[in-house]
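Multiple structures are listed underneath, in C-alpha cells.
Each of the next two complexes has chain A plus one more chain, namely chain B in the first and chain C in the second.
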Partner chain A sequence: MANRFGVLPFNSPVEPTMDYSKVAPLIGIQSVRHPPHDRVTEVDVDRWCQVMRDTNPLYTDEDYAKKSRYGGLLAPSGMMHVFALGTMRAALDQFVRGAWEHPNDPNVKLNVVIEQEGYTGVMATAQRQQHFRRIRVGDEIHWTIGISRLSDYDHLTRQGVGRKYQILYQFYNQKDELLCNQSFDVLVYRAPMSTRRLYAG
Partner chain B sequence: MSREINNVYWEDVQVKQDLPEKSRVIDTTLIAMGATWATHDFMPVHHDRDFAQSKGAPDIFMNILTSNGLMMTYLEQWAGPQAVIKDISIRLSVPNFPRDRMDMNARITRKWEEKGEHLVEVAFNGDNQMGPHAAGTAIISLPTRG
Partner chain C sequence: MALDITDLKALVGRESALVAARHPVNIPDIRHWSEVIREDDRSYREFEKLTKHAPPAMLMVWTMPPLWSPETPAQSEPHERAIRLLEGAGYATGLVVALEQKFLRPLKVGERLSYRVKLLGVSQGEVDTGVGRGYQLDLHYTFLNEAGEIVSEQLCRRVQVSRVAAQTKH
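What follows is the complex of A and B.
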C-alpha cells in the first residue's frame, strides 16, 4: 500500500519485479573464446605506464627486462582486462547504437533483459584478479566471459533500486595458458525508483 | 638506461607495517586519458562531461580499470620489480571526480610461506575528499635475500 506521499514501500508485493526465469539460463555459462583485436604492444604498455606513473623496469626498460628471469618486456598484470575491451568503434556501436560486438555472449543477453526491465543505470563496484602468469609484450590475449551470479531480489542502494551481478572473465595467452581469472561486480539500477523509495522511508 | 632499482625483501617486512603513503591529484586529463588512452574503456561517462551529466553524474568519473591500475602501481612501486601481485581485490565506493585528490595507504596484514613462495597480504585504501574511493586486499610474492 502506498504511504502518504503516494509512494510504494520497498519490497511491495505489487511492485513489478524482474522475471528471473528470463535470465536464470544465462548464469554459469562461459562464452566462446574471443580473439584479441591486436597483440600486446610496447605502445599499449607505455601509455598505461605514463598514466599510472609506473616506472617498473620490467615494463619500461628492455635491457633490464631481457636480463630478468622473464627474458623480455612484460605488461603490467593490471592491464589484463584492457585487452578484452574493444575498439573505439565497437564501443560507440555499443553505447550509442546498442549494437554489441559479441551479441551471443551471456552478459550481452543479460544486459538486453535488464534494460527491458528498466535497470538503465550501470556501475562497476568491485573487481578481483587472480594472476597465474605474467603478460608478455607480443602476447595475444584470448578471453571468455560469463555471468557467475545474479541477485534474485532488488537491493536498495545509494544509486537506486538495483540488481547485482558478477561477471567472470578468463584470460589466456596464445599458448592456451590461463593467465588470469577476473571477477567483476556490477550494479544495475533504476535511478528514479530510488528517489521514490528514499522518500518512502 | 641506468637507474636505482629498489626491491623490498620478505625478511625485511613485518605484519602491521605501513607502506609509505602516496597521493595523486585527480583531474579531467587523468580520468579521460586513463579510461580511453591507457585502458581502452570508451564508455562516455569517463570522458564526455555532457554524457556523464545526462546520466545524473556531476562530472566524468574514473573507471575501475584506472582505479585498479593506480592501486596496483602504488603497491608495485613500493615492492619493486621482483615482486609479483598474485591476487588483488578492489571495491569502489565514492567516485573519483576531477579536482579530487586520492590519498593511498596500505598495511601488511599477513606474512607467510606457501609452495616455495614468500607472501604478504596487504590491505590498501585510496581515499578522496568524500571518503573511501577504493579499498581492498592484495597478495604479493616478495623476493628473499637467501
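What follows is the complex of A and C.
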C-alpha cells in the first residue's frame, strides 16, 4: 500500500510497466492539417531580425529581395514554428483550464495515456529541423503533428525511470508544398521518490 | 562635471526633428494586440477582411524605437542633449513619473506615423523626489501621420536623479 507520497514498501510486488498496446496505435500517424495562427508578414519578420540581429537583406530589403532569385521577401527558416504556435487563448485553455485546442491529435492522446501510466515528469531534450523550401512573406503555413517513435521499454535516467518519444511536425505552405520536417524529442519520467516528496511538501 | 543650468535652460522650447515609425499601422500588430489585451481569438483572415482602424493606445507600438538597429542613433536632439547634460553632471538615473496622453482619433491601417519631441520645461533647480534629489524635465510629444495631421499629443514628465535612494523599513 503506497503512503501519501506514493511511496511503496520495499516488499511490494514489482510495479507494472507501461502497457505499450495502449499507445502503439498512436505511433506513426500524423494529425489533420492545422491552419496557421498568422500569415507570414514583413512586420513579424522584421521584428525577428531585430531580435536576432540578422541583417540579411533577403528578409528586410524589398527591392534587394525582388531582384534576387527568390523574387520577393523571405522569412528566416528558423521562424517556421512561430506561425504554428497556438493562440493566446489556446495557451490559457491548455495550461490554466486543462483543455487542449486539438484533443484528437496523436500527441495529446499519447500524453493522456502517459500521465495515467505515472510518467508525470516531462523534459524536452532535442529539436531538429530539416528545411526543403524557403518561407516567403505572404505564405500561410499549415502544420501537422505526430509521434514518430516511443521507447517500448523503460530507460533508467537521472530524472528517474522514463520513456523517450519523438514528435514530428510537418509544415506546409498554402500550395501544399512541404517546407520543413521538425523533430522534437521528449523524455517523460516517473520522478524518483525524493522528488515526489519534495513536491508533496 | 558640474551642471551649468543655463545650458539646460537654453534647450527649453526647442523641438526635435520628426522621427518616423519603422512600420506603418498594420493588421498583424493589431491582431497580436487584440489577442493579448482582449483575448480576441479571431483568425488573421477575419482581421485582414474587417480591420480598418487600430486602437489609439497602440500608437507607441509603432513609434517606439526598434529593438535593435545596425546604426547607432545620434542622440543629438534637444531633449536627448538635456538628458545627456544631466547625466554628465551625475544625475544618471532617469525615471518617467507621469504621462498624460491625448488621443485625437483612432489610427487608420496603413498610416505611417512620426513624432517630434519638445523640451517644454526644466525645474528651476534641484527638486526632492521619493528616490533622491534631481531635476525634472517636461517633454511634449506630438504624433502625426504622413499628411501632417496630429493624431495624439502626450506630456511626459521625467526626473533625472543622482542615485536611487530607496527607503527601507528597518
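Throughout what follows, the second predicted complex is superposed on the first by the 179 of 201 C-alpha atoms of A that agree within 3 Å, B and C clash if a C-alpha of one lies under 4 Å from a C-alpha of the other, contacts with A are read in each partner's own complex, and residues count from 1 in each chain.
One rule holds in what follows: a residue touches a chain if its C-beta (ideal position, glycine included) is under 8 Å from a C-beta of that chain, and two chains touch if they have at least 3 such contacts.
Being a predicted model, the structure only gives us computed values, none of them experimental.
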Chain B and chain C placed together on chain A: clash or fit? fit
Going by the contact rule set out at the top, does A:82 touch chain B (first), chain C (second), both, or neither?
first
Of chain B and chain C, the partner touching more residues of chain A is B
Margin query: Per the contact definition in the header, classify A:117: touching chain B only (first), chain C only (second), both, or neither.
Written below: neither
- prompt: Where does A:101 make contact in the superposed view: on chain B (first), on chain C (second), on both, or on neither?
  reply: neither
| query | In the superposed arrangement, does A:55 touch chain B (first), chain C (second), both or neither? | reply | both
Output check: A:39 vs chain B and chain C. Expected answer is one of first, second, both, neither. What do you get?
second
After lining up the shared chain so the two structures overlap, which partner does A:47 touch, if you call chain B first and chain C second: first, second, both or neither? both
Distance floor for C-alpha atoms, chain B against chain C, superposed on A, in Å, equals 9
Residues on chain A touched by both chain B and chain C 47, 50-51, 53, 55, 87-88, 92
Counting only contacts in the complex, chain A reaches chain C at residues 35-39, 41, 43-44, 46-47, 50-51, 53, 55, 87-89, 92
Per the touch rule above, chain B residues touching chain A in the complex are 1, 3, 5, 24, 30, 33-34, 36-44, 55-56, 63-66, 68-70, 72-73, 76-77, 81, 84-92
Per the touch rule, the chain A residues reaching chain B in their complex are 47-48, 50-58, 61, 63-64, 68, 76-79, 81-82, 85-88, 91-92, 95, 121, 124-131, 134, 184, 191
The answer for chain C against chain A in the complex is residues 22-23, 26, 28-29, 31, 35-36, 39, 41, 43-44, 48, 66-70
